[in-house]
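Look for chain A in each of the two complexes below; its partner is chain B in the first and chain C in the second.
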Partner chain A sequence: MNHYIKLVNFEVKRFSKLYLSLIIAVVAAQIIGAIVTSSFYVSNAETTMVRDQMTVSDYILTYGAYSLQNFLFSEYFFLSVIFAAALLMIYVFFIWYRDWLGKSSVIYRLLMLPTARRNVYFAKLTTILLFVFGLTAMQIILLEVVNQITQRIVPDQLWMDESIIYIYSTELLDLLYPQSPLLFVFYYVIGITAVAVIFTSILFERSYHLKGIFLAFIYCVISVGIVMVPVIVQIITNYFYTNEIYLLVTGFSVLTTALAIYLADYLLKRKINV
Partner chain B sequence: MKKYWQLLLIAGIIVVTFTVHYIQVANAKGKDYDFTFEKISGDDKYIDSLMFKTSLQYGMVYNSLLISKDESSLIETVHNREIPLMFQKLIDEHKNFMRGKALIANNYFEDDTKLIYMKEPEEGWKVKAGDTYSYEVDILDKVKDEKTSFSIKSQLNNRYNWVFYSDITVVNNELKLIVKQVDNDGSEKMYQVIIDLKKQQLLSETLLEEAAIDEATRTSIEAYNSYSNLGHEKYHVYSISSFDMKSPELNLISSQFRAINMETNEIIDIQLPDGLEQKLQSIEVDDNYLVIAYSTKEGIVIYRYNIGQQRWLEPITASNTEKVLNPDLNSTTSLNGKLYVMTEVNNDFVLKIFDIQQGALLYEGKVINKNMKQKYYIHITDVYELESK
Partner chain C sequence: MIEVKNVSKKYKRKQVLKDMSFTAEKGQITCLIGINGAGKTTIMKSIMALTPIDRGEILIDGKKISKDAYEKITYIPDRLTMSPNYTIAQSFEFMADFYKVWNEQRATELLAFFQLDPNDKISSLSKGNTAKVNLLLGLALDVDYILMDEPFSGIDIFSREQIANVFTSHLIENRGVIITTHEINDIEHLIDKAVLIGDGRVLREMNVEEMRETEGKSVVDVMREVYVG
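Coming up: the complex of A and B.
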């Protein structure tokens, strides 16, 4: 356990600078977005009201008040989230390959540590999860900050305070922070499975090289197939209720993750030579 | 411990932020969706044992909400796939029987001893003229908890694209079914099908109505019985309406209402009072009554037709106590001899409960939510009577 925590800490430290840069970039993009969208709204409202001789209530009735939705539907928010997600996706590969392909082969030292090799795999998996949850947690705080900023820029009469349920019902936020416990578990288990399968695929490639790419592809197809078993059964038989399907897919995902861990352990122990 | 500060910081932020967020969401659910009734007139006892299923539009969010006198609760959905309350009850009581069945109320019949489900024929568009389909019947004996299934070939050899069941009931062990066939061009045929449940035999398939389409007119058949009533209904009420295809708004040319007595198979013509044809905002069927309501800026007008006696009763007029924003009725529904009508006034919604037979206003009250931060729209989709504790 101690070795595992040390390894997680080691992985977190290695990515911390880049992770911090990523957070700064997302925060900057969203704060700029909040200022731009709210300032644009205010200037547009003022111009329109003067030009069309409208009262504030007429303007709100015609064009709507400013709310956090204006920001959430802007490219500043959407692109910053996509950018962060893409970077983390790249890091899922980078977290392994830099150990092999870097100047000093860190993987050599990692695999020679007096601990089970699977701890290296678990540490990398945990690190990715920490970064994903860390960013989603940061986004919650950031939305509160954005809310405060826009509230200060937009005059009270043009500002519309929204319920937290309404804010978090938008498509992207509903995906990141599902309001149903079942969906929360479902999304994040699927995410963990995807990362575990990619990790094991990387180990296939590292173990068998060119042949490994083919094996990794086959393995990925089989993994997707296993996760999809309940969905395929449902399409054919229409036997299950919706909640059961979500639970079954979650269960099969856990099974797929267990298989990924078993294969990774086997590959790390038997096939990867350092 | 000190050397793990980055790890601990990330983990700490995750735990605290997610916990606070989900506590906020839970609190907001309790507060945002807390509706209360504020009586204007009548007796509170009429809402004491009721549960209203409502549809709430709040900004761009649509939710289903259960509102009773004492509490409001949000109906949780997964990806907006909501199981209607009546089906949730059936699923809870008969989980295995309900597996794989479409949640369409018109395909079910339920009484104290049995639950019947009829599967609609699929892929009708593949059926050519001369081919046919089968009536697939699943019966659950609720007393013995036994399931029986059988299939009967239809004798109708029509070309059709879709087949719908409009009503299912059982009279003296005969399964009576109202079937609507719709072709690709929109033309419709309505049949009454009778199946002997004991012998599992098709007794008859009688053509009741035909609605054709041509260049000048479009005719359609519409049924009005309560969607959520799975039990026996003596009358199946429907209309055949013709619309002018040449007018841009498809103006109504004529509308003929009819009721079929499901016990005797007799068809009754219902003549609407003069002028009512153009004011049909709400049409409800409750047991022996056809109830038609419309709203004006001054109030609500309700027409009642006693189907058994084949006569219109004196219309009820209930004036609005507050200025009505939208003259259209927000929603109407009926249950056990009462008509529930909702209208939108200023920033609120007013519920009126009428006794259909007596023609009296029993209750009028506002449905209010003081916690909503922005304009919302609410309408009643169903009324349930709560079982006494």
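Coming up: the complex of A and C.
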């Protein structure tokens, strides 16, 4: 346990500079985006109202008031979230390959530590999860900051306050922060399973090289197949309620994660090649 | 004692190790000699469970390698095993964090011996100094066995001398060392046992002193017999 925590600390430190840069980039993009979209709206509203001799109420009736939704549907928000997700996705691969292919072969050291090798796997998995949760938590705070900035730019008459529940039901936010506890567990378990399966696939490739790529592909197909069992059964029988399907897929994902961990442990102990 | 018993390993289509057997005793320096591609590095990695073997058995003091064995045996490969963004001091902290057998006093002693600056970033070190850091990280562990892969490869003459001096110092005393090299001249006078490897097999295993006394032959003489014919 002690070694596992130390390994997590080691992995987190290694990505911390890049992670901090990513957070700064996302914060900057969204704050700039909030300023640009709200300023553009206000200037456009003022020009239109003068040109068409409209009152504020007429303008709102015709074009709608400004709310956080305007920002959430802008490319500033969408692209910054996609960029952060893509970078983390790349890091899922990089976190392993950097140990083999980097300037130094850190994998030698990691595999020669006096601790169970599966701790290396768990530490990398935990690191990815910490980064994901860190970013999603940061996004909640950032949305409040954006909200405050926008309210200062947009005059009260043109501003429309929206409930938190309504704001978080926007497409992308609903995916990041599902409001139903079942969906929350479902999304995040699926995410953990995906990372665990990718990690084990990487270990297949690192253990068997070219043959390993083929084995990893077969393994991925089998894993997706296991997770999809309830969906396939539903298509054939139409027997379950939607919530039951979510629950079953979550259960099968946990099984798939357990299989990924078992295989990774086996590969790290018996087959890994450095 | 490290026992390598009938170890075979195939890599892709090539049989890298063919029924290889030899032993390395504690308190002795055993040198694996062979040309590049003979299987020297592969056997080192196999001992450390860094590459799987197809057949045979490797025992360290009568036991198969386990996580606890890494407090008893260490491997110094011909490449750096520490994060390049670390300073030498940070790499010491890492080792102290994970290994109960990390000897800080010995590490500091070695730092002075190799004239290294603990604040230097590992990525900024020359090849010779990188090799010294690598060696330092291995030697500062209070382990019974040390495996060294080509410690003299590609480094300047002064660094080679410094590294060779390690073998006559107390840093090696009472430990079992397996060293691989294809440049035997640097350490011929230091080794106790030579294992000549070729094409994945042990071609000759000999006690260097005994060979010198009974047959009047040096390691290079025997190498000439075995490799040149």
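In the analysis below, the second predicted complex is superposed on the first by the 272 of 274 C-alpha atoms of A that agree within 3 Å, B and C clash if a C-alpha of one lies under 4 Å from a C-alpha of the other, contacts with A are read in each partner's own complex, and residues count from 1 in each chain.
Note that in this section a residue touches a chain if its C-beta (ideal position, glycine included) is under 8 Å from a C-beta of that chain, and two chains touch if they have at least 3 such contacts.
Keep in mind that what you see is a predicted model, and the values were worked out from it rather than measured.
**Q** Check the residue A:F217 against both partner chains and state whether it touches chain B (first), chain C (second), both, or neither.
**A** It touches nothing on chain B or chain C.
**Q** Look at A:Y262 in the shared chain and tell me whether it touches chain B only, chain C only, both, or neither; answer first, second, both or neither.
**A** After superposing on A, A:Y262 lies clear of both chain B and chain C.
**Q** Contact-wise, after the overlay, does A:Y97 reach chain B, chain C, both or neither (first, second, both, neither)?
**A** neither
**Q** For A:I140, decide between first (touching chain B), second (touching chain C), both and neither.
**A** After superposing on A, A:I140 lies in contact with chain B but is clear of chain C.
**Q** Quick check for you: in the superposed arrangement, does A:F78 touch first (chain B), second (chain C), both or neither?
**A** neither
**Q** One more residue to check, A:H3. First (chain B), second (chain C), both or neither?
**A** A:H3: touches chain C, not chain B.
**Q** State whether chain B or chain C is in contact with more residues of chain A in the superposed arrangement.
**A** B
**Q** For A:N238, select first, second, both or neither according to whether it touches chain B, chain C, the two together, or no partner.
**A** first
**Q** So, A:L113: does it touch chain B (first), chain C (second), both, or neither?
**A** Once the two structures are laid over each other on A, A:L113 reaches chain C alone.
**Q** For A:K271, using the defined touch cut-off, is the partner it touches chain B, chain C, both, or neither? Pick first, second, both or neither.
**A** After superposing on A, A:K271 lies in contact with chain C but is clear of chain B.
**Q** Which parts of chain A are touched by chain B and by chain C alike?
**A** Dual-contact residues (chain A): none.
**Q** In the complex, go through chain A and note every residue touching chain B.
**A** Going through chain A, the ones touching chain B are 5, 8-9, 12-13, 16, 69, 130-131, 133-134, 137-138, 140-141, 160-166, 168-169, 177, 179-180, 182-183, 237-243, 246.
**Q** Going by the contact rule set out above, which residues of chain C touch chain A in the complex?
**A** Those in contact with chain A are residues 12, 45, 48-52, 67-71, 74-75, 77, 79-85, 94, 97-100, 122-123.
**Q** Any idea which chain A residues touch chain C in the complex?
**A** Per the touch definition, chain A meets chain C at residues 3, 6, 10, 14, 102-106, 108-109, 111-117, 207, 209, 269-274.
**Q** Of all residues in chain B, which touch chain A in the complex?
**A** 3-4, 6-7, 10-11, 13-14, 17-18, 20-21, 24-25, 28-29, 32, 58-61, 76-79, 81, 83, 91, 99-100, 372-374
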